[in-house]
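Here it is, the structure, as structure tokens.
We call the chains A, B, C and D, going by the order they appear; numbering starts again at 1 in every chain.
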Amino acid sequence: MSAIVFLIQCKDQKGLVAGITSFFAERQFNILHCQQYTDTEVGQYFMRIKLEDDGHFNHQKLEAEFSQFASTIDLNWSVRYSEEPYRVALLVTRASHCPYDLLLRELEGELKCDIPLIIGNHRDLEDMARQFDKPFYHLPITAETKQAQEAEIKRLLAEFDIDLIVMARYMQILSEDFVTEFSGRIINIHHGFLPAFQGAKPYHQAYERGVKIIGATAHYATAELDEGPIIAQDIQHVQHDNSPQDLVMMGKDIERIVLARAVKAHIEHRIIINGRRTIVFSEGA
Amino acid sequence: MSAIVFLIQCKDQKGLVAGITSFFAERQFNILHCQQYTDTEVGQYFMRIKLEDDGHFNHQKLEAEFSQFASTIDLNWSVRYSEEPYRVALLVTRASHCPYDLLLRELEGELKCDIPLIIGNHRDLEDMARQFDKPFYHLPITAETKQAQEAEIKRLLAEFDIDLIVMARYMQILSEDFVTEFSGRIINIHHGFLPAFQGAKPYHQAYERGVKIIGATAHYATAELDEGPIIAQDIQHVQHDNSPQDLVMMGKDIERIVLARAVKAHIEHRIIINGRRTIVFSEGA
Amino acid sequence: MSAIVFLIQCKDQKGLVAGITSFFAERQFNILHCQQYTDTEVGQYFMRIKLEDDGHFNHQKLEAEFSQFASTIDLNWSVRYSEEPYRVALLVTRASHCPYDLLLRELEGELKCDIPLIIGNHRDLEDMARQFDKPFYHLPITAETKQAQEAEIKRLLAEFDIDLIVMARYMQILSEDFVTEFSGRIINIHHGFLPAFQGAKPYHQAYERGVKIIGATAHYATAELDEGPIIAQDIQHVQHDNSPQDLVMMGKDIERIVLARAVKAHIEHRIIINGRRTIVFSEGA
Amino acid sequence: MSAIVFLIQCKDQKGLVAGITSFFAERQFNILHCQQYTDTEVGQYFMRIKLEDDGHFNHQKLEAEFSQFASTIDLNWSVRYSEEPYRVALLVTRASHCPYDLLLRELEGELKCDIPLIIGNHRDLEDMARQFDKPFYHLPITAETKQAQEAEIKRLLAEFDIDLIVMARYMQILSEDFVTEFSGRIINIHHGFLPAFQGAKPYHQAYERGVKIIGATAHYATAELDEGPIIAQDIQHVQHDNSPQDLVMMGKDIERIVLARAVKAHIEHRIIINGRRTIVFSEGA
């Protein structure tokens, strides 16, 4: 079933649900799902509304009319149509487990998106790209070439009409300019339980500290490293007899699952960024 | 903040959200929370709506007007006011961990209900009741006295104006008549992961089968033993070196948490029974 | 570091640890790991002992001497050398998520085994096999050809010198003769939380029953369907708004992880079957 | 069944298991459980060995002989007898959930220890102590009286012959002298997932940072706040719609369970401190 999803954000005020749902009811839309959240600390209201798209109403007309309605009560909003799936680029380096996982989930229909582009700063995953018949661009990076490399990445993102960039264990820090330009459209996986163990070698940090749980964190990239809004986290219990190498190995499954969960939420248009926090509306039919 | 919670159920049809939320918007209610679910397999729509109760609208008037509105679109509904907390009776036998847990959560404000009545078929937990200054009624039971005992339970439930009966490891089977009379108002905790390990000694059954996970299940009691609609379940991983006695011990924490979670959902008016299934709306402010 | 692993089982008796560890100490072995378990209900003792294999002691000589020692105290035992990894065959049908997962874990060194053979009763996964440069044998099956098909499977298992057969969502029932011949060497993944939801369509059964948790179970195949000794299980919480199709999708990650965990335990020679139960010694360096 | 438990630590060397287990085998001890761990990074060996105590061997004689044996291979060791359960003091302030939980687990036999002493810096939990017939000492604390208060605590610990001090949400910082004197014998529960969210108000910190998981950490107290060796941790998933107050409430169950798990490990003599890390041997019969 085709669907239309609106994400809406505005100052909290009375009558919002009634007002918004009436807008769609008057246009004969069947509401498949409606979720909302009020952040009482900052007085903001957030809504996700999913409509059946049986073609009875022209998309352009809908957007025009909703835009007019929204301006009357000062709504911020965005809309996606299930017919136009997100286009996702993977930034990779040498580690294969996260990119492989995303490619498989695309293949098996778990992630309803297109992954038309893989960019690696090393050649290691070129074979992986070939396995899945994906174009692979090798863009090596050094201190001197960083700016040129990012320019080339941007060119490719434009060429392939990319909506979402996934740093699938890319292990490079994107420049502030780059991150700002694609704000809210870059998802990174950090192999640690943020905000603990920021920076390099988080599993080794975790081992040193003697924690009994390791974790991974998917978040939007921001100019401050490992400080962006968190989308998903998960953990695994560990024991004294797990070496740092064990932790690295055990962490792979958490990284895969957490990154996939974050990408899934984004491409299902279920996330609104609210300052340092994210609203992640729950999955549903 | 005082609140009013409606649970609503009806045949799925267009315009429901808009219609219902408009009803409350027209009466100047602030909607704190609105959750819904459509069971597309049976074509039923379910909603929970939580309103701020600032006293501007008389409760009786509200019910009268909503009743009239509801009849026009054939809604089933119920309402609760946070000012009138659920009154809960505990049925207990010898095991103390579940009843203790509920009493503590009442004491610490985690469960916003009143527990004015404890009934035991043994005297073992009389001291526990005394610790918490609760009336304890010792109603022993044998095959011959079962009917009379249940009659006495019913008399006490009426006397204490009880809304919800919690079988906190009561280990007795209530008669079909009893269960039918209090349908949807009796929560039982089964110390197994239903539908596996129904009946007696579930931890021993689990040990025999060699499972690697044990669980507990809170459900509404129905005439068929261990077959009622499930409200909450949780599990714990076990290993080969855990004896049946270990499982019994380890299971206590799961039983406590699962039962408390189910009772909390019920007294927050978050559950609608849908045949053999339950809709449990998520927690929120 | 190369290693030697012994699995030992015998009637419980005093002095076992001292006796066995002294055997290896006298031969100048460094014990890397020693785990044991006593099943007091049946009076059986189980041990896993992992030795550093620095080449100072000939393998054949070790086995001969241990064999003599074992006969004096009536030990059952087996030994594996890390230099000779398990050879694993995959039986597959149409579902790709489990076989893909195992192939990736082999590729990334998470599973230290060789997977030299994939057999499918449909052609759907031939491409997957090609992606990983693995031989794929298409052996279709009907009621009439079942015996011949199994004979051909056996021939391939022998030809490829296979130690372990993994039914990676094979969805066919192997004959009693087959299962008996390869007893303790066939791992199956059941997409339900055994012993609940045996048989077909477990996720649909789970939905019908309204459970709040779904699971998967990896077990050794035995003549009785879904009754073999359980190796690993895991679960995921679900909600009222997850459709049967959602459960199928959500279940994939549990199936992958549970099957991988079971295969890993087997190829690390960490499992002893004890009647209907398994002893699964914990992971370690 | 009575039992004797040895914890042993020494430089790693060949023949340790054989040597130590032979010591006990020669004295006709039945070994119920033997666990070991080698920290290869620092070259240290750790063992826990549990013996059946059928009275055939005098405890004093055993200790004398083992002491002599230990000196020959430079072992650090300690021993506990199940007949002499740990004596535990609770330090409390106003929050009741952790101390209540420990008292209940003692009552129900889940924690095989004695809790003969409760010390509070406020009177709030005096009633709780009375409910369980425990002596309660009210020792208020100000900047001026801190030293005198700690002296009085020490006097009580001596008077009641206390082995283990549990800071059951005590919310006070013990002086460096105090902590050093009782090194390895003070367990604290921190209501955050260390090393994230050290210091005050961890749930509020977690909310601000927008994490999707909250946790609790039980650790040995050291002079550096929240830096002591971690014994146990656990977590709970949270969502965008959980307020800081929700997190506080939801965290209680994690705190209870994590603290109880740590205390249980300590009183079962299953923990060895290894620098900033702990070895926590697994539970077993």
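The rule is short, and it goes like this: a residue touches a chain if its C-beta (ideal position, glycine included) is under 8 Å from a C-beta of that chain, and two chains touch if they have at least 3 such contacts.
Predicted, not measured: the structure shown is a model, and the values here were computed from it.
When every chain is reduced to the mean of its CA atoms, the largest separation from chain D belongs to A. Comparing the chain pairs A-C and B-C, the larger number of C-beta pairs in contact belongs to B-C. As a whole-number value, the distance joining the C-alpha centres of chain A and chain C reads 36 Å.
With each centre defined as the average position of its C-alpha atoms, the distance from chain B to chain C rounds to 41 Å.
Counting only residues that touch two or more partner chains, chain A has 40, 239, 241, 243, 282, 285. Partner chain C is touched in their complex by these residues of chain D: 14-19, 21-22, 24-25, 28-36, 38, 40, 282, 285. Looking at the complex, you find that chain D touches chain A at residues 37, 40-41, 193-197, 208-213, 215, 229-235, 239-241, 243, 274-280, 282. Those residues of chain A that touch chain C in the complex are listed here as 96-97, 100, 104, 107-108, 110, 131-132, 239, 241-243, 246, 249, 252-253, 257, 282-285.
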